[in-house]
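Next up, some structures in C-alpha cells.
Below, chain A partners chain B and then partners chain C, in two separate complexes.
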Partner chain A sequence: MKFLKIQTRYIPLMATAAVFALLYIIGLSSFSNFGSLGVFVNLFGDNAFLGIAAIGATFVILSGGIDLSVGSVIAFTSILIASLLDKGFDPGTAISISLLFGICFGASMGCLIHFFELPPFLVTLAGMFFARGLGFLIHPQSLGIKHPFFLNTVGDSLPVKLSNGVEIPFTASCFIAALILALIIAHMTGFGRNVYAIGGNEQAAKLMGVRIGATKIMIYTLAGFFSALAGVVFTLYMQSGNPSSCVGLELDAIAAVVIGGTLLSGGVGYLAGTLLGVLVLGLIQTLITFHGDLNTWWTKIVIGVLVLVFILLQNLVTKMTKKRIKST
Partner chain B sequence: MGKTVELLEAKGIVKTFPGVKALSGVDFSVSAGEVHALMGENGAGKSTLVKIITGVYRKDAGEIIFNGKSISPGSTLEAEQCGISTVYQEVNLVPELSVAENICLGRQPKKLGFISWGGVRKRAVEALKRLELDIDVSKNLSYYSIAIQQLIAIARALDIDSKLLILDEPTSSLDEKEVAELFKMLKKLRGQGLGIVFITHFLDQVYQISDRITILRDGGKVGTFEAARLPRLEMVGRMIGKDPEQVKSMEKKREIRKVAGKEFLKAEGIGRKGMLFPMALEIREGEIIGLAGLLGSGRSETARMLFGVDPSDSGKLSIGGADTDISSPKKAVKNGIAMTAEDRKVTGIISDLTIRENIVLALQARAGAFRTYTLKEQYALADKFIKALGIKTPDADQLIKNLSGGNQQKALLARWLAMEPRLFMLDEPTRGIDVGAKAEIEKVMDELCEKGMALLFISSEMEEVSRNCDRVMVLRDRRKIGEISGEDISLQAIMKMIAE
Partner chain C sequence: MEEKQKIFRDNIFKRLFWPLMALGLLLLFNLIFTKGFFHIEMRDGHFYGTLLDILNHGSKVMILAVGMTLVIATKGVDLSVGAVMAVAGAIAALLIVQVESGWIFVQGCTLGGLVPFLNAHHMSWFLPALAAIMISLVAGLWNALLVAGFRIQPIVATLVLMVAGRGIAQLITDGQIITFTNRGLTFIGNGHFLFLPFSVWIALGVFAIVAIAVRKTALGLFIESVGNNETASFYAGIEAKTIKGFTYVVCGLCAGVAGLIAASNIKCADSNNAGLYLELDAILAVVIGGTSLNGGRFFLAGSIVGAILIQTLTTTMYARDVSPHVAAVPKALVIIIVCLLQSETFRRKAMGILKTFKNK
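This part shows the complex of A and B:
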C-alpha cells in the first residue's frame, strides 16, 4: 500500500513513458531500421525547437499561466536573424540580438501581467499578434541564409561525432543543454521552487513571503528567452528565416507539456515529463513519415486523442489522491 | 512578567475596506517575553491587524514601531526580515509541495548557490522535532490531515530567528495533546524573550497561556488587561459588549424537549470496514443529538457515513420508514440530509462568489436549473440569514473571501440551512466562531429543531455537547459504546462512559 501511495504523483509521468515505449515498439516491429541510433538521435535534432519552446511553456504552465506568443516569437526571431545576416552582421551578434529581444519581449509581457493584473491568456494573445506582425514588418517573405556559419559550420564541425559514425546534430545538443539548464533552474534554485508554489496556491505563496511580482515577471522573461532560443535553433535547422512559419506552434508545445503530465492548473509537473511529451509527439511524426502512405494530418489526430487521454488520466489521478487523503 | 520593554508598538492603526471600517485607530503593543492574547468577536478586526503588522495589507493611518524603529513592511517577506514571523488564520501552505519544501520555501539551505535537498530535509525534520512531530517530510503536504498541516505551518514560523511570533487561531484544528505540545514550546520561547501574539476563540487556552489580553470590538480597542485580573465572564462581556450577568444566562443549559418527534432515520448494523464498527442508531425529528468521544473515536466518520461520503458497507438503513441506502452525498441531499465538514475550505465555500450567490447555490443545485430564484427572492433569503446568524458584512453582495474567518463559517451554515434540511449534521461548527455567535447559532438551531429539523452535533468540546443535546451518543475506538439522554446528560456522565 505504501508503495502505491508514493507512486500516485508519478502516474502521469509513467503513463507518458509507457506511451513512448509503446510507440517505439510499434516502430521497431513495423520498420526494419527504426531501431537505429540515428533515428533516435534525429528525434532530438528534428524536434529541438519544439522541445525548447515546450521547456519555456512548462515554466509558465507550472505557475498557472499560459504563453500563446511562442510560435510568433520563433518566427520573428528567425526572420530577424536572417535579415541581420543579410545586412552583414556576424552570426554571434545576430543571435545575441534575437535572444535579447526574446528576453525583453517576455519581460514586458510579465510586467503587463503583474502590474496591471491582466490575465496571461490575453496579454500573450496580444503578444502573439504583435510579434507576428513585427516579423512581417522586417521582411514580408521567406529569406534564405547564405552565411557560411549557417550553411557549413553548423552542419560540419558543430555536431558531436560518436565512434560508430552517428552524429548528434547541433540542434539536438542545444535542446539537451536547454533541458539541463531548465532542470537546474526548476529544481535547484529558489526561483524554480517559487514557480511551483505560485502555481500550487498563489495566495499561500504570497503569505509565505514569495515575491509574486518578481517571480511572475521572471517566469515570462524566461519563457521569452526559451522562445527566442527555440527561434535560433529553428533558424539553424531551416537555414532561412520566415515570418509566417510556426503558426500555432505554441499549441504543440502546450500539448507536449500536458502529455508530459503537467497540470494545466499549475503547481504539478516535471520537465522530464515535457521531454517525454516532446519525444512522443516526435515519434508519432516519425512513424507517420516512415509509413509513407499516411497523411500528416494523422499526426494531429493522434495528438488530439493523446491530449484528451492524458487530461482524463490526470483528472483520475487527482481524484484518487483526494480520495486517499480523505481515507487517511 | 514584569518586563517593560515594548517590542512592538502599533499606534492608531486605521484600515478601511470598501464598505467596512475594519480598524479604527487601534493601539496595540507587545513586550518581549510575553504571550499577548488578541481577543474579539468574528469580524472584530484581529486578522486585519495582524495582516497590517506583517505587511499583507497597507494601513490607512497609524504607525508601527518595532524594536525601537518605525517600520512599514510591504510584504510578509519584509516583515520576516524585520523579525516578525506569522502563522495566518487559514492554513496557508502549498498542498502540492512536499512538507519539507513547505517549511523551507523561500529560505532553502543552499550549497554553491544551489538548493541542497539534503539540507532542506534536515532543516524540516528539525523544525518539526521542536513540536515533537515525526512525519515523513518528503510526502506532499496534502497527504496529511488539517491538524498536521497546521502544526507544519507553525513549525515553518518557528523555523526562522524571529523576535515576534504571531499566531492567528493556530489551534483551531488541534487536539488537546497537540495544543499542550504547542504551549510547551511557546512557554520556552517566551522564556527566551520572544514576544508572542496569540489569537483564539478557545477561552480556556487564553487563560492557560497568556500574560496580557487585548480585546477588540468592531474595529476599535476595548482595552488591554492583565490576564490574571480579568475574570472570564468579564472578558466575554467586553468582547460582545454585554455585562457579565447576560453572558452567564447565555451559557446555561438549554431546556430538554420532552416530546420526541416522528422517527426520521433508523439504522441497524451500519458500519464501514476499517473505519467504523457496525452500530445501530435512530434519529427523530426535532431532536438534537450529540456525538461525543475523543479525537479519532469515529465521530466525524459517523457523520461522513451518514452523508454518503464514505458510505456504509453493512447493515440496513431507513428514512421515514422506507428502506434506502445513502451511497453518495447526492443521495443524502435528496433525502434531506445536510452536512458541514470540519474544514470549511475543503467543503467549498466558493470564495469568489458573494454571500448571496453562495447561499443560493446549494438551493439552486437542488431545485434544478429550471426553477429560478428572482433576485428579490435571493436577496430576501440572504438578508434573512445574515440577520439570523449575525453575519458581519455591509451587505449581501460582499465576496465571501472578504469576510472574517468566523463569518465565512456562518455563511456556510446559511447555505445549508437555506435548503431546509430534515437532518443537519454539523462537524465542529463552532470552531473559529466567537462566543456571542456561538450562542446565536445555538439559538437558530434550536428554532429550526422546533420546526422539526433533526440535528447531529459533533464537537470536541464536550461541555458544548452536554449543554446542547437532547441525546448523546458516545463513541470510543470507532465503536458506539452507549447513549445518554435527557436529564442524565452531563459532562461527568459522558466522561465516565468514555473512560470505562
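This part shows the complex of A and C:
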C-alpha cells in the first residue's frame, strides 16, 4: 500500500519527465544537431530568468496563493540596474539595490495580503501595474549597458568551461544555484514545511501552531527576492534594461509550475517538477526555433494544450487520492 | 414591505458609496485642474467631449465587467476575456476582407444562393459580426466545460484559453494585422446613434439585457446561491453546474461583443494587443463595484460604475500628459486604496487605531 501511495504522489512529476523525454526524442530524431551538449546547456542558459521566476512562483502557489507581479518586477529590475550603471554606480551596488527592492516589494505585498486579508490575486495584480509603471518612470525606453563587468567579465571569465569547447553560461549557473537554495528552503527548513502546511489546509495549519502571518509575508518576500534575482539574470542575459520587457512572463512562470505538477490549490508539488516544467517550455521553444518554418505563436498554443493536459491529469490524481482515503 | 424597500435602498447606497465617492473626487479634481474636461459640444448632431470619450472608450470594459460580474458571483474568475476579444476581432476582420473580396459571395452561390441577402452591400458586416459572436460563444462553452464539467479551478481553467487564445488569434490572421474599411463594421466602434457613440448604446443594451435576465427572473438568485455554497444549492434543487457554466458562456459572449468594438475602434485586428490586460481591468471594475471575489453576491450597476471609474482615471492621466505606461502607478494605488476601504478587516483596524487616539 505504501508503494502505491508514493506512486500516486509522483504521477504528475513522472508525466512531466515523460513529456520532456518525448520532446527530446522528437528533437533528436528530427534534427541532426539536436543532441549536442550545447543545445542542452543553452536550455538552462536561455531560460534561466524564467526558471528563477518560476521557483519563486512555486513557493507562492504551494501556499495556495498566486503572484502576478513577476514579469513587471523583472522588467523594473532590469531598467533599474541599467540606469544605475548609467549614472556611474558600480555593478555590485546596483545589483544589491535591485535585490533589496525586490525583497521590500514582496514583503509589502505580503503584508497587505496578510494584515488586511486582501486576495493575493488583487494585491499582486496591483503590484504588477505598480512595478511596470515605476519602470517606465525611471526610463521610458530600452537602455543599453556599457559597463565592462556586464559586457566582458560575465561573458568571458565567469562561465564554467566544459570539455570540447562547451561552456555553461553564467546565467545557467545562477539558475542552478537558485534552485539549490530553493530546494534547501523548501525541503530542509521549518519554513518550507509551513508553506506546504498552509497550502494544504490553512485552518488546520493555524490550529497546529503554524505562524500563518509570518510565513505568508515570508513567502511573498521570498517570491519578490526570486523575481528580482530573475531580473538581475535577465539583465545579464540581455545586457540592457527595458521597462516593456517580459510582459506576460508571470503566466509562463505559472504554466511552468503547473506543467511541473504543482497543484494550483496549494499544498502539493515539487521544485524538481518546476525545473522540469521550465525545461519543457524551453524545449518547445527550441524545437520551434530548430524547425524554422513554424511560427512562434505555435508556442503559445502548445503551452496552452500542455497546461490543459496537466490540469486534467492533476484532477485525476486528486480524485484517485480521495478515493483511496475513503476506502482506507 | 416599505421597510424592506428602505433596507434595499440603504444597501444600494452603501455598496455604491465608495466607488461613487472616488468617481466624484476624480471629477472634482478634473473640474478644478484639467481645462476643458467638462466641455461638451454639438457637432454634426452628435455630442463630443472628454466625458463622452470616457464613455466611448470605457464601453469595452463595461461590457466585459457585466459578464465578469456573473462569473465572479459564482466564486469564479475568467482570465480569458482578453484573448477571446482578440480571437473575435481576428475572425471578424478576416471574414469582412473575404466578404468584400467576393470570396464568400462565390461560396454562397455554390451553396445554392443560401445567403444572397447577406451579400448585399449594406449587410456585408452581418456575417463577420455573427461569426465573431459565435466564436466567443464557443470560447465561453469551452470554459464552461472545463469549470463546470471537469470541475477545474476557474483561474487555471481559463488560463488555458488565455495562453492559447492569442496564439489562435494569430493563427487566424496569419500573424498579420488585418485592416478593414467596411462602413458597417467600423460603425460599431466609431459611429454615433441618437447623439451618443454607438458603442455606449451597445454597452447599455448588454447591461440592460443581463440586468433584466438576472433580476427579473430567479436566475440572479440562483447565481448568488451557487456562489455562496455550491453543494447546498445542488441539494436545494438548483442545477449548480448549469448555472455555473451559463455564467462563463455569458462572459464569453460579452468578450466577443467587446472584441468587435475593439477591432472596429481601430479598424483592424491586432492579435497581439487587442484586449491586452483588459481582463484585469474588468476584474478590477467588478471588485471596485462592490462584488466580492468570494462570490455569493453581485452588483451589476456597481461594476458599471467601476468601469467608468477606471476609464475616468485613465483619461485623466492622458489629459494631464502622463504617458500611458506610467499611468499604471496611480492605477495600482487606486486599486489598493479602494480594496482597503472595502475590506472589513481594514476598517475594523483603522477604527481601532482611531479609538485609541481618541482615548488618549
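Following the convention adopted for this analysis, the second predicted complex is superposed on the first by the 323 of 328 C-alpha atoms of A that agree within 3 Å, B and C clash if a C-alpha of one lies under 4 Å from a C-alpha of the other, contacts with A are read in each partner's own complex, and residues count from 1 in each chain.
Please note the rule applied: contacts are C-beta pairs under 8 Å (C-beta built on N, C-alpha and C of every residue); 3 or more make two chains touch, one makes a residue touch a chain.
Just so it is clear, the structure is predicted and the values come from calculations on it, not from any experiment.
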Which of chain B and chain C A:200 touches, first, second, both or neither: first
Chain B versus chain C, judged by how many residues of chain A each one touches: C
Which superposed partner A:9 touches (first chain B, second chain C, both, neither): first
Touched partner set for A:116, first chain B, second chain C, both or neither: second
Partner chain(s) touched by A:297 [first = chain B, second = chain C, both, neither]: second
Partner chain in contact with A:305 - chain B first, chain C second, else both or neither: second
Touching partner for A:151 - first (chain B), second (chain C), both, neither: neither
Which superposed partner A:136 touches (first chain B, second chain C, both, neither): second
Overlap of the chain B and chain C footprints on chain A, listed as residue numbers: none
Residues of chain C touching chain A in the complex: 77, 146, 150-153, 155-157, 159-168, 170-171, 175, 271, 276, 280, 283-284, 287, 293, 323, 325-333, 335-336, 339-340, 343-346, 349
Touching residues (chain side chain A, partner chain B) in the complex: 5, 9, 184, 187-190, 193-194, 196-197, 200-201, 203-211, 267-268, 321, 324-328
For the chain B and chain A complex, residues of the former touching the latter: 56, 75-77, 80, 86, 88, 92-97, 101-102, 105-106, 108, 110, 113-115, 140, 142-145, 156, 275, 309-310
Contact set on chain A toward chain C in their complex: 66, 112, 115-119, 121-123, 125-130, 132-134, 136-137, 140, 243-244, 247, 251, 254-255, 258, 264-265, 295, 297-301, 303-305, 307-308, 311-312, 315
